[in-house]
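Heads up, the next two complexes both have subunit A, just with different partners, subunit B and then subunit C.
Right, the complex of A and B next:
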């Protein structure tokens, strides 16, 4: 029983971290129907930038973190302005492919600027784990979970009530129609990339505080694809539900199946889920049923 | 020279590339090259990707390189099939038994991950274990040759060592939580957690073990790929205090003949790497390459090597690598010798302990015995 509780709590906590990064993916999809394949690299470069501010430039947190957010805003604007905007009205495959190129470019920039390739952020959270009954959970995961819930709340309200949020949803729905309504589609795209980069930056800092800054962050970012596929590509609530489900499956599967099947099963569980979801419910738990296959 | 300067093992590969190239610069600029000839290096990034490693070793052969080096067992594992088939000699800095058992054209610069595991287990039995009966070992292994080397060694020698393996778990290089596997391991009440991995996952595992209250309380041992300064930086000095690990080189600042020149080049060219044990290993690797080429020039002649073909590779192997006898590499690690039937060039490890945020308390050098893994029917399966 204690084991079950431990697996469950850890699974939910880890899954919330995946959910946080997945929000960045859903943001882009929700407003532009583009699959952002550079998500992992956005997480990576933001983490390194934070390291640059806090460790290399030795800035205090209250200056370093806002600068990271400003960097993410600038990055999001740059990506949209110089790589996505020229491709407006081009086939969706071109847009998706260019995000892959952006990802490789960012990886190259990281290697060029931070050649040491592994680093630790200063400790951001208390190290004492929290005890929940017989189970323990690290505070790093609790903070990550709390921040992803907060961001989820803010983004949901923004998309539901703010004029720009509504415009973003409408743009994803029908670009031609919103242009006819004088909604500046380019501004909508810019805003969605800025938001996505900010979310990736926050996710990157939180994940780096757990396992350090390494190229593994790219794969952690990619793992969030399994979350959005399960939750639905355009659904924030989907991310928040699917993240913990993936985390739970990983931990329960790893915990109980490893002795039966052997080590390694934990790492393939998200991919098994992706395959099952694609077969049974290709638009995910909360995604719109209209889906464009590429 | 092929190293993973990008990708999931870049934290080691980039440092190792710096060291390889810094040492070659030193050899060419100050020692007049190898046997009087400057060494030309083709240095490529493998990205810790097996497919890339295969392509790169093919390119090395096509371009007439005389031998090749890799940092990791994973890369060499991918590259060795074509290299062995062509008779192209290669040296892996860090290695697993599967690379050279049975011996062919691939050589291990340092003791392998199996030797690490056995050296640590021996040390534990002699210096730490005070209980009765067999101590219980739990293994946490990276899901590639780094981890599997330790797994094979324990499989072959656990009974002989008098230890019991109570669990064997694997993790990915990108893991962010091992609470689940450690919960299972905790249920087995191990005396020792042995981690054969790279620094980032090792840090996650030790942090999680601390959260679960397992550590301190049990003994933690690491393989040489995990025991670096990066481990201390990533996990935090207080978290890894008291962790043991095997490593095949001396410490920075130790009084050995090769230390001053290496430190000078490191501080001049890559000051961020100063203090990193991986730098020492790869600096030594380049010195060994230079020694091999020097011997090959002396024993086979420059013209034979200049062909850069199969006959040149054979000359490098038989007149260079296999003529290595007690080359001391500036005392930076154990003496380098070729022994017939054993393609490990250096067989000595030390056990270190992390004390006060530093890798310290070196044990005496322990020579690892040869294990003929190929004689076990489970080997390679």
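Right, the complex of A and C next:
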């Protein structure tokens, strides 16, 4: 019983972080229909950057974290401006593969600057485990889930009330109409990339403060694709619902199936979910079914 | 098709011929001689590079049929290669199959696995399919690492290829084996693209809905594309297995899959010459980086330690991005332009 509760709470908490990273994906997809496959590498490079700021440059938290956010903003702007902007209105194949190229490049940058490949961020959250009923849960998970939820709240308020947020939603709806209303579509695109990078950076810091920085972070980014797929590509609510589901499946499955099947099943569960969702309900729980015309 | 002045087609067979003029024939035979005489002037190391290029060309040809002709993106081709490689490893090592039987079986097993992961392609496309094939990559590698039959993390050894008592032990003999199979695969791809199947693939790529309305069975042709693409990947995987003699899941990572996609794009999607150019360019670039990075490192001690391992992904990522932006039709288009310029020279109008 204690085990079950523990897996459940950890699963939901980890799932919240996945959902946060997935949100960054949904943002870009909604506004510009670009599938960002470099998500994992964005998570990776911003975690390493945080490591560089906090551990290697020995900056205090209140300088290091804003610098990470600034770096993410810069990164998002650069990627949009120099790789996606020249490819506007290109076939979807080009748009997908260019993000693959970006991811590959970023991976190279990471190995170039931080060749050690494994590192630990300093502990950001208090260490004492929390007792919830019979379960013992590390406090970090609760913090991570809380921060993700908070960010999700802020972002949804932004999209609801802020002028830029409304412009971004409008762009997602109809690019031509938005252009006719004198909303600069290109700056909406770069805004969405900036948001996605910032969100991925925060998610990355949360994940790597718990599990350390490894190349597994790329896989974390890929796992959040299963969140997007399950939730539906263009739905923010979908992300927030599907995130905890994926986290739960991963942790419960990892906890109970590992003795039966073997180690490592935990890492593969999100990918199995992807295949199942693809065959059963390809547009996800909340996604919009596309009806095509010739 | 642009032909030199005075070349006319008197019958259908001549119209469809790949080699049209005497110059074509002369160049083709010259190329064959240069390629097949390679063991005479290349050392073992460069023969090895050529073998790797040949194997890569087979994979890329398969991926080109799937992605370039049929428009179905696959980011799991290294995984499908792994299926083929491990099939032949298990069949020849543990069950004592002959090499050729193992080769064919690995093609079929990779094709079947490709069919399973290609099933979603009937309902979804674009990004959804990309994600499915990434998932395929991870699931395949996980199974390989955790199944006792495949040797797990330790790996599995593979006997060298042999046909009818002749064992392909030396690098040169393997070179001939790989080049012959590569040539067969290229010829197959070239002819497939000109047949009804190839035209159906192109129709599906350009607009699958319109293709369906015109009477093309989407289910059949999309799955056929997956089968053929993965079949060739399986053949390439099997050749890789027999060539290296030892298999490990490290040979088939997601990074390799991405690199394969990059090669198809750099070479030129939907062309026969593209995979050859793309595979050769990237593999030679790899050799160049491997050669030049220690030199640079010793010349400039100030370079950080990660230079050697980090420079390759950076260069490849950059090459993929630049090709997509500047020359989305790849090297194949440059080749066509060069041929046209050569034919018209010196009167380019």
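Just so it is clear, the second predicted complex is superposed on the first by the 277 of 294 C-alpha atoms of A that agree within 3 Å, B and C clash if a C-alpha of one lies under 4 Å from a C-alpha of the other, contacts with A are read in each partner's own complex, and residues count from 1 in each chain.
FYI, contacts are C-beta pairs under 8 Å (C-beta built on N, C-alpha and C of every residue); 3 or more make two chains touch, one makes a residue touch a chain.
Remember, it's a predicted structure, so these values are computed and weren't measured experimentally.
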After lining both complexes up on subunit A, report clash or fit for subunit B versus subunit C. clash
According to the stated criteria, A:115 is in contact with first (subunit B), second (subunit C), both, or neither; which is it? both
With both complexes superposed on chain A, which partner does A:107 reach: first (subunit B), second (subunit C), both or neither? both
Which partner does A:52 contact after superposing on A: first (subunit B), second (subunit C), both, neither? neither
Once chain A of both complexes is superposed, is A:204 in touch with subunit B (first), subunit C (second), both, or neither? neither
Tell me which partner A:232 touches in the superposition: subunit B (first), subunit C (second), both or neither. neither
Once chain A of both complexes is superposed, is A:264 in touch with subunit B (first), subunit C (second), both, or neither? both
So, A:83: does it touch subunit B (first), subunit C (second), both, or neither? second
So in the superposed three-chain picture, is A:64 touching just subunit B, just subunit C, both, or none of them (first/second/both/neither)? neither
Contacts of A:17 with subunit B and subunit C, given as first, second, both or neither: first
Which of 81-89, 117-125, 207-215 or 243-251 in subunit C clashes with subunit B after superposition? 243-251
Let me check the overlay on chain A: which residues of subunit A are in contact with subunit B and also with subunit C? 107, 111, 115, 219, 263-264, 267
Touching residues (chain side subunit A, partner subunit C) in the complex: 29, 35, 37, 83, 86-87, 90, 92-94, 96-98, 100-115, 219, 222, 225-226, 229, 233, 261-264, 267-268, 271-272, 274-275, 278-279, 282, 292-294
Quick check on the complex: what are the subunit B residues that touch subunit A? 5-8, 10-11, 13-15, 141, 143, 168-170, 172-177, 179-181, 183-184, 187, 199-201, 203-204, 207-208, 211-213, 230, 233-234, 236, 239, 272-273
Complex interface listing, subunit A residues touching subunit B: 3, 6-7, 10-11, 14, 17, 107, 111, 115-120, 123, 127, 129, 136-138, 141, 207, 210-212, 214-216, 219-220, 250-251, 254-255, 258-259, 263-264, 266-267
Would you tell me which residues of subunit C are touching subunit A in their complex? 67, 71, 73, 75, 117, 119-120, 123-124, 126-128, 130-132, 134-136, 138-139, 142, 145-146, 207, 209-210, 213, 255, 258-259, 261-262, 265, 269, 304-307, 309-321, 324-325, 328
